[in-house]
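Which chain is which? They are A, B, C and D, in the order written, and residues in each are numbered from 1.
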């Protein structure tokens, strides 16, 4: 049996945040609670454990890889097939530096974009719990429930937290 | 890394190409070529007769641009005799300077080509590979002597039949869209060098010459091996009259001019 | 003041206002698109014809190998600068007034670079072999020459284009999601579902998105600077008089920011007028943009004067002859118009708040500035070449109709892509506008005690 | 293997590249292992022959690859070319492969109207080209570069070539018949006119044929010739021929008006001499002084240029005599008469006085003045006064040809030519045979040559390439080029050697052309006057029989073969001593036609090395190359002093109408600082009314690659000259016309400038740049 999600729509942030506190109080695990919003809110708003991300590290790593690629491209290929031009050394550091710079930046940018998508599990066209009111600025809580009994319990908690709407996503 | 760079650099250019006479004595260490082609142009002998210009056209299949394109600056003269006026009548003087590709040791046109269509050969020639050229025209921009030429149109079409029968089969007719320039008659060098190699000997001085030098009855132009201290060109440029065009740019041309006048 | 989202989904005013151009198409849009398509098509046909005929159809000849084509290239690369660059700077500086501007500016970057990147190809003698420049493994075992500034150009423009595209696309994903939710026809629904990548606005997605935007801003900023620096090096690496100067890097970058800001203002004014977005783009925003433009104008003028003075003072014969034809010869009017546009008229006018906040005055001024900036590119490329090298080979240059067509081509192409983009994505970043309003609205939030302005 | 056989084979092997090959061979194959010894596919061979594009007669070495002549080079060790060759000689291959060359004989029914037979022949040859160069994908009229070529259809080309050759041969049979009939019918009314480059036994054969038919001896016409030089030489040296000016060994050379290095009687020889004089000796560097009105190439390279008013060159000769204490005029007087700067004159006097070995010679612009003979006599007088006649480093008598009776008589003078034209007009000439010269190039516009030719019932032209004379011909019998035929020459100027050069057919005649000798022999035979020679080869072999004793080396090649190999025979020699009479001291003032009021400028016609006496005008290389001084190309230009231009409000490229008493031409202006303010220069003989696509007055041909309409070369400067202006020696005083300039307000569409930056006053940096380029850097 697949997971059941209980969605709660709030017009305002405060009741939504309060709702989360109630859920936590009702011993719902923090990792089962997700918030969908139309704008980014600071993490602290929800009182949930902070999200972690490796984007910075990935970017740094690929920046270095890009630099190496740039060096290989500029210096390595010149050395593979040495053709002297204009009295300049076959491996000319100043010109190589330009390529190293551009390649590292290119790889850095690509890696940031890729890491963001991968960490966010995007693109994802599966039917995941969602409510189009998010687009209008509503806050939607999504709670993953293991079974029907838990879902019913969560339903009650959310309804009690002034949610404008509570529905199920199967 | 530093070793690698030094080694390759020297391979290409010889350790010290800055000093004038010393440069020519220094071989291309890595490449080991016994030749370094150079030229002297004695301005004191030159009469501006233009024989070299036609010789170059005949030898190298230079296209005929026609009146309109010539006026628009699209004629191709790998070799040209520049004329400079100074002053006013009657205190007027003029100078002739035959100018062709200077085959600079530090050629500014070479490194800017993104596809290696032009590069420096071990024999010191500024090589031009037509079929690699994509026509960025950057080399001409970076060429302080304006001796590179672009093929604005399909040259083969202006060699109206039967004029095309005159074409030299040793030299490519360049296609539209590529740059070209004086090659120091590289096809002559290659042919003779191959023959010499088959006979297991080096080319002797005077065995080959360029079309321009050959045509000049006033013997203005001398072509030869700068590494051979006894070659005619080495002897000719051992002169106080020697100078090179735009020498201050540091391009180190191998075409040496000998100043005209009573000096 | 509290922000009150609508009671029912699909009734949000911001969403409706900003998404309107995506879903409604007027005859005026078709007219503009048609006009641009015609111009673009005519330019493209001209290009193809030139490919068949040869470069002799242009006014180029020895030694003027780079004429209007390269001036166009530099101009369009320059225009691209104020999009990504300014957006990145403003994001990093957390300048909240940027919000209604950035999307239009970033899109401008992508499309101007797309136009600019064609010019090196247009200019090639053998365009059909352009791939020789791309480093790929081939049977000849030959690679490109990375000592050539043109190879740097390739890398820089590639990086810049990729970076700008990503930098434009990623922050638009949440807006694509909104468009997806608002779309009514199946085709649009499908399109925006694809573009939105399944974005739901979860806590993690927003966290990563914000981090990614920050990282991209950090990375793309130096790339933008390097691109125009490298374009300037195409000139500065050449041993040609007036080109071979160290000032070209910063000079080009500042010129690029200047002309780019001018185009941003032009577009902002026009968008504001066309879509009646006066509520979102206010004179306050125009004032801010104009102030950046003013700073760029002053700095550009400073560098130009420095370059001029040094050349004038040095009196190197080969540089002086080129200065002479700009000061009193064939290029006198070009230079005068350029100085009028970029300095003499622009700086005093921008000093007045009245001008800075008046959309129509700004429209006139910014278009004039870009005329001046195009002339500046032309003045960099052409006078040096007509009197370069031995005086025997000096010449003159006058463009032909081919160059004219190829100058119309990028304009038409750019506007065409831009108006197409209007149909593809919200032109103002909806979520950023909303974020701004949210941030201003809340003083205390849930469990946190926060200041009035909140931002990630 | 005999050379002739080899040539046939080489033509055959080259069918892939060349039309050549006689019809008998063109579709056969020869086994590679049995190929002639000299024929290596892809490898060039050099053969010696003689250039006949001007009267100098330089020995040349021609590179032949697979039956094609690809390059004409100087012949090493030849006394005239010294291994080098001038621009014109090198363009010989373009003469050979000129696209507008006559394809074969044109037996016209009416003068000037091309016969249907010729058109058919032309079409047949065009079909051959089409079969070899077949454009695909793009229609003919869109030849802009997309054109790609289908594989040549050699079988079709061979078939067409065979057809064309056969048809041409048939035409030749008729043509020879017709020529024979014409000669027989006209008898004493026949006039044979030959060009100045006819310097060998060709003249004797023509003379023999003329005699056989009862016609007077052929005459040689030299356009813009050296009548005055010959007259002055006759007066001073006692012989009219041109001696050897030994520049190589002299200390001071004084050149009066001549452009010896570009257009003189033997440019290669003088170039060599100049190089040797300047830098050929260890210790001595000879000085070169140029005396001229217009600063040309000689004045440019001179150590001292003495600018003189038009026609006053002789005063400087008098000054030189004065410097040597032989009368003459003083510096002050010379300055007054010539306008030359005093300090230059003083320097000149010092140099003349200080040097022992000196040589003076003249020509060029001096020849155009009414006082040319007197001036040149005074110039020769310098050599006499300095004791340089017959001395090394001075005037060396020209040695006769090693083959006696080879040299033709001197060309007729301009005055005699005019008389001939008058006789033609009067209907006294029944048949005119013209070979190797375009009479229009020798006469001013108002000479009425066109009417005269119309009055001649039979005009036979032996031109290789269409020219104005051929356009009026009733019978065109195209001569083969010097690369395709037998011939010989002895130089018209002294070279310090006794020289006879041999011309041999190096390639098969490209089109259906025949050498004039073959045509004459056949025609004579057809008319029942067999001269006893089977062919041109037999004729020349017989004439050269005399060299056998000199050259025979036992056990080696025959003398004939050796001569062929060496391109003739030559050995250092001097002619019989010259007389050394001092000329008359007086110098008449030059006369000019046209009043100073109406015609404020003196026209200085320029013999440009681009066009020479007109024989180079049809060659695209020479049309396209920049004139060394004006940097103009493709046709004519008008040289005007920049100050004059400013006064007239003229700018570069402005079109002006140049008007003289005799005619007017429209031409574009080029600033020329090397001319006085009241003199304008314009090249002559650069265009033809009925020329080829390259030298036509009106354009018409479209440049295939660029689809640009050729504006044509424009009306020639000859139109400005008057026919009556003759000198004492009978030469045309072509430099004695005054003109007016009227701007048309338009820019000239015909002016073509290779270099446009020739206004020093407007580009102050030009001299600076020159300084920089000429800067001498110390040796490290």
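The rule is short, and it goes like this: contacts are C-beta pairs under 8 Å (C-beta built on N, C-alpha and C of every residue); 3 or more make two chains touch, one makes a residue touch a chain.
These figures come from a predicted structure and were not determined experimentally.
**Student:** Out of curiosity, which chains are bumping into both chain C and chain D?
**Tutor:** B
**Student:** Tell me which has more C-beta contacts between its two chains, A-B or B-D.
**Tutor:** B-D
**Student:** Find the chain most remote from chain D, comparing centres computed as mean CA coordinates.
**Tutor:** A
**Student:** When you average C-alpha coordinates per chain, which one falls nearest the overall C-alpha average? Tell me, please.
**Tutor:** Here the chain at the core of the arrangement is B.
**Student:** Distance from the CA centroid of chain A to that of chain B, rounded to the nearest Å?
**Tutor:** 62
**Student:** Which integer distance in Å separates the CA centroid of chain B from that of chain D?
**Tutor:** Spacing between the chain centres: roughly 30 Å.
**Student:** Report the inter-chain centroid distance for chain B and chain C in whole angstrom, where each centroid is the mean of the CA atoms.
**Tutor:** 43
**Student:** Suppose each chain is reduced to the average of its Cα coordinates; what separation in Å results between chain A and chain C?
**Tutor:** 29
**Student:** Could you list the positions in chain D whose residues touch two or more of the other chains?
**Tutor:** Within chain D, residues 144-145, 631, 705-706, 755, 766, 769-770, 772-773 contact more than one other chain.
**Student:** Touching two or more other chains, which residues of chain C qualify?
**Tutor:** 54, 56, 142, 144-145, 147, 151, 390-393, 395
**Student:** By residue number and range, which residues of chain A touch two or more other chains?
**Tutor:** Within chain A, residues 83, 85-86, 88, 92, 95 contact more than one other chain.
**Student:** Let me know each pair of chains that touch one another.
**Tutor:** A-B, A-C, B-C, B-D, C-D
**Student:** Considering the complex alone, what residue numbers of chain B touch chain A?
**Tutor:** These residues of chain B touch chain A: 1, 4-6, 8-9, 11-13, 17, 104-113, 116, 118-120, 252.
**Student:** For chain C, which residues are in contact with chain D within the complex?
**Tutor:** 52-54, 56, 317-318, 320-321, 324, 387, 390-396
**Student:** Please output the residues of chain B touching chain C within their complex, sorted ascending.
**Tutor:** Per the stated touch rule, the residues are 69, 72-74, 80, 82-84, 97, 99, 108, 111-116, 132-138, 140-146, 148-154, 175-179, 245, 249, 251.
**Student:** Which part of chain A faces chain B closely enough to touch in the complex?
**Tutor:** Where chain A meets chain B, its residues are 79, 82-93, 95.
**Student:** Touching chain A in the complex: which residues of chain C?
**Tutor:** Touching chain A from chain C are residues 2-7, 9-12, 15, 135, 141-147, 151-152, 155-156, 158-159, 162-163, 166-167, 170, 173-174, 177-178, 181-182, 193, 197-212, 215-216, 219-220, 222-223, 226, 230, 431, 434-435, 438, 442, 445-448, 450, 454-456.
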